[in-house]
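Paired with chain B in one complex and with chain C in the other, chain A is shared by the two complexes that follow.
The block that comes next holds the complex of A and B.
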């Protein structure tokens, strides 16, 4: 007995004097919920990685909090002819003191496709560039094979690294810090995989001076642990605040919440590729149907208007989303004004089903992941109940993402939950990826797992992405989005909100693209 | 002795081979890493390029053959996610886990053994019963819940200890350790306690049962009749004889504490191997999973070896090599 007292007592005594204090104003700890896998800014197009990279490196074109392009390392860009962009570059310098020039841009564009073993290459953003011409140290021209108005959007994904890194800089050298040289507001100090990244203020930064001398960027992937770190004051800011903890943190006077609607759309994909029976939809008594009922617009409409989106947002998502009837949240480029979710109408849904030849309803197995999107398993369960009310007996089956993703890619499901983060912040990206006809040669419909296909929509999308004028392109994108949604190519559910929490006394600019940037964390006045 | 050792080594290699095969087939059955790893932004051409580059276009047996070939040369493959050698990734995180596990097991022996002795010697006292009742809690409370409660009480409410992470580390033998700094120790307390709770109860119960069993035996009566002091009887005659099951269990528990401290590591954001393996399983990062399990096999074999050697030290009747 005594022994235990001594052992624990001495440990506690050792601990008490170092009680948590985050008072050193110049040192700030930020905790993120997703592990950073690499410091190499061209290794993996994954938000946790780019989020950290955005503290150290910069892009030619940056995006504001609502994902609209704004000047970054390029101060301006314009088309000199319909296939050539000219960019004027900023007077900036890298962390090691070398000035930033057009040479570095050319070097970066050449390096991106050479990164070995990349599971998500940034080459998709450099591929449209067919020619690079350095006009002078601060002017560069990029040419494309076709008219390509999305080049600035693509450049907003590409971090610039200095050309003095030489031929084939390795990912390991970025992780060790040797190559981790950018122009960003913070310089890289050290990286402990799975634990933390230390950053130091870049005093030579061209923009507004960064607020903190030293940033510790910790990875706390467990939701409860991240919230606890916030509550105990161990960290000044956390991202990905779990929806279940939002109410509690909101009530805490020592904590401020910062939220914005994200570019992530959660939707249901519907198998429209099979003409014959689809595996998980049968007649009301389990009889196999000769034709795929999901190909009937009325069935798709019935399924969509049976869903009570506001209820899902309020109850399941605890307010951390907005109901949606299209890809993008309001305020984005190519948002369709007035396209809002249809009111839930059970009688009309039943009537539509009857008109489609299913007066006694259908039997559907709805699939979803259970560890990928916020509350994904609960969302499909809620939808299952809503569909049962219109006479569609719905069974719900959820799986871990690691297993689910494979089945979904192999088109084994009939109706299933998906999420998509619209990195470009405009509608051509989801139009091309989610609802354009699957076409490997053209690189279209890459995640169109319902295999929806509409030639009229395809040609409209093609026309939009080759229209240089922003106004005209936006009009076409709006028209295309409306066409896809009227045809219920997918059933949009909601746009997630991103929530950050800081200690009181800080301000933060929440970003629609989910990036967590120490630069946007500032002391409140 | 040498023969015995060689046989053990051969067994270990066979287990590793079987294990790697099972993992390969098992992961293949769960899903295709390609579907999870490849960035959703990638178009079909890009997908095809990555699939070829990572070797997923080959049949499974061929992928396994490549793996074996590499493994024979000491190369267990590169992580798909981190693009670093899998072995290196794991070894980087190993000190954190070892430190946590060894502290936890030490704690379980240092706390559990005295308590168990006490409960065994005074089974009917109030304190003895209280200890036994307490050990039931140690057994039955789920680790993640206890971890969260520890954080809520000691970090959030009282503010005595940090809620998570490893704190400041200092170098020893070229490796970073937390226990060398005050801040690091403060970070170590809660996760180690959390991890040891189950083992404390286990050791306590084993020790108590051992004492209860040993006390009525003739040689103890004889020792007492001889007039030896109670201290000597308990700490020499009794303790030594109850240690064999304790050593076995502590050895095995050390292994599983190192290998499967996943829950504690993620609740306390402890940057060890456990977190790495669970993240790797989520994205089917096969080279890391295989390498990790290989290391676990090696570790268990080594621990069993040490346990066997300890037996001979503790009990002269035990002989290695099966000829007792």
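The block that comes next holds the complex of A and C.
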């Protein structure tokens, strides 16, 4: 009976039902919740794309599950002088058999800025590199214009491709598979946009042998359909487990959950760029205020301490997050020890508002997306409840991300929900992107949509990113983070948890950077 | 004049002293199902009108909601003693109160948009039929254009451009719906246009607007009333669809469609009540309106007269 079911199942569906004990277990299907848009590893700095690429390609510097750097295609790296890094390269070979050498690194660094029509370029990670010197086949030197201690962190974002691809390899040739040649544990076979990617084991992989012969990497973007595929056993693993289904899956003996705190911070941005009235904050009776109340620290503090973060985490996120008062989750490089969310205090929040000159409260329209971050629309509604209790009458407006993002980028909102994935795993990234004074030319404050500006903080950030010593740099980053948070530059809410579900009989290593890697999926013994 | 305005289609077989309204009421009452539908509609309207008096909670007042009461099953009690007879949604909103207030929004949007669309569509349809020529061609091609797009697509595009809100939803529904009234009105008016009483009115040199609205319109009403009831039900369903897709009413003031959407993702985890009860309310409302509409069609269509 069981065998018949399996046989019919495999006839009906290309995906073969999986069970670890089954003889067919060499074939595994993984379902991801976000569509992969391209196989070209340098096309778009988008997590769903890099997640797939991480199965096929490798970086010089890899990161462990908690985003700490570790050797990848480079076995070691060190500073030979102030501005020059020397990297020793690993003995590895590409899927087509050609050995990996320093020439491939130079080729990749040159190729990255030339990708045509890239919606989000990886050039931000190659721009600091001003010189490339091939010492021998397995040694390369990279130089930067200034002291730049973050180079290894940047290299941890760059996938290496073989120089054999020649001049100007096109994104289309990556998607067709012609150019999709990496050194990773799995070899690219085929790509059906919006549906699936087929991968085959790379038997010549330098590391531990990959566990599965064949991987089907399916895209199931509908949350309920993905959960249903997991429950029915159609797939061995899903990512982005919907929070509403976590309790149900946890109770199912046939399913295991794997979760870790992610590097994504969910926060509220506050308009501090306008001195005069800000469009969506008025007096309690709708009267236009001459001055933007969000410029007043006491108002920002009141809004922050009115929010019951544990309640949001427990009720809205169903435990799939941790309350936060800074950028990074505990355990990260430059996490500020002891900086935890303030206890919710309605009386104190009201007193702060009164001291700021608003004893009768305020009227705020809070904006959020409704399809981008986990439970985004519910989070803003819950905050609406909490603010109404301190006398801030809150209207909540949510929109699909496609239109919301446009308005937010044009700085049309006063208070609005944002998320930021700190891919580098340390605080210089959010400090420079989210709270540094906006300066497009310097690449500072590029996502600072509240236009918070604090010269003291800016100079502290400058000092931190040009400090080579890790300990000293961490101390400066901690100091800068504390300064931004004491000033309520943004209102951090929580760090999301990333959750994967596998069938029982598998183990998985959940990653903070949201990447779904078939290599980390193994049979439990 | 009074004689001229009498519907010429009044069946001769009926006793002369019975007014058209009494006849319609009598015919309508012959179907117990339709009577039941009418009773349900009256009850629903009463519930919606008195929602703020009878609902245990004001579900639109964020201060009355507590997220800690979220997703409680039917019959649970809140921390401060309120019983949630139909459970709560993820924001701690009492589902019973949410449904009562949601019915109000659904009915206002449905009836309001059907009425405005009816006024606009009927006027244009009558104008087209009476004026003829280029005016007719222009109006009717616009109708064709409008009807060739799927209603939900047009409404989605309008709301994407205008943004959310009850007024915008009504506006979108009016734009989607007016064309069916225009087409029906024109069809009926073309038939009536050739009748003698219109000719007589024209011979009296009455102003054109008067011929159209005092003489032509009353005789085109029966099919329009039928279309009207069907369109109310359709508008309610369309509003629910738009809200379900996240483009309708504001999330803090949910209509039935939005209440259903809120619970949709909890269906797999067994928290059925968040979607189920508003779904039942929507179903009953639309079914009652359709039952009444069907019977009205039978009664008002002379060809189906027994």
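Here is the rule we go by: the second predicted complex is superposed on the first by the 502 of 525 C-alpha atoms of A that agree within 3 Å, B and C clash if a C-alpha of one lies under 4 Å from a C-alpha of the other, contacts with A are read in each partner's own complex, and residues count from 1 in each chain.
The rule is short, and it goes like this: contacts are C-beta pairs under 8 Å (C-beta built on N, C-alpha and C of every residue); 3 or more make two chains touch, one makes a residue touch a chain.
Since this is a predicted model, take the numbers as computed values, not measurements.
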Exercise. Should A:331 be classified as contacting the first partner (chain B), the second (chain C), both, or neither?
Worked result: neither
Exercise. Counting only touches as set out at the top, which of chain B and chain C does A:403 meet: first, second, both, neither?
Worked result: both
For this session: Examine A:245 and indicate which partner it touches, taking first as chain B and second as chain C; both and neither are also allowed.
Result: second
Exercise. A:228 contacts which: chain B (first), chain C (second), both, neither?
Worked result: both
Problem set entry | First (chain B), second (chain C), both or neither touched by A:523 | neither
Exercise. Touch check for A:312: first (chain B), second (chain C), both, or neither?
Worked result: second
For this session: Look at the residues of chain A and decide whether chain B or chain C touches more of them.
Result: B
For this session: Kindly classify A:123 by the partners it touches after superposition: chain B alone (first), chain C alone (second), both, or neither?
Result: first
For this session: Figure out whether A:204 sits in contact with chain B (first) or chain C (second), or with both, or with neither.
Result: neither
Exercise. Is A:357 in contact with chain B, with chain C, with both, or with neither (first, second, both, neither)?
Worked result: neither
Exercise. Which chain A residues come up in both lists, the one for chain B and the one for chain C?
Worked result: 224, 228, 371, 400, 403
For this session: Please give the residue numbers of chain C that touch chain A in the complex, ascending.
Result: 61-63, 65-68, 70-71, 90-92, 160, 163-164, 246-247, 250-252, 264-270
Exercise. Mind pulling up the chain B residues that touch chain A in the complex?
Worked result: 30-32, 35-47, 49-50, 53-54, 78, 80-84, 89, 92-93, 96, 107, 110-111, 114-115, 118, 127, 131, 148, 151-152, 155-156, 159-166, 182-183, 185-186, 189, 193, 266-269, 271, 275-276, 279, 281-284
Exercise. Where on chain A does chain B make contact in their complex?
Worked result: 1, 3-4, 7-8, 11-12, 14-20, 31, 35, 37-38, 40, 43-46, 116-121, 123-124, 171-172, 175, 192-196, 218-222, 224-226, 228-229, 231-234, 371, 400-409, 420-421, 423, 433, 440, 443-444, 446-447
For this session: Flag every residue of chain A that touches chain C in the complex, lowest number first.
Result: 223-224, 227-228, 242, 244-245, 247-248, 308, 311-312, 315-316, 370-371, 377-378, 381-382, 384-385, 388-389, 394-400, 403
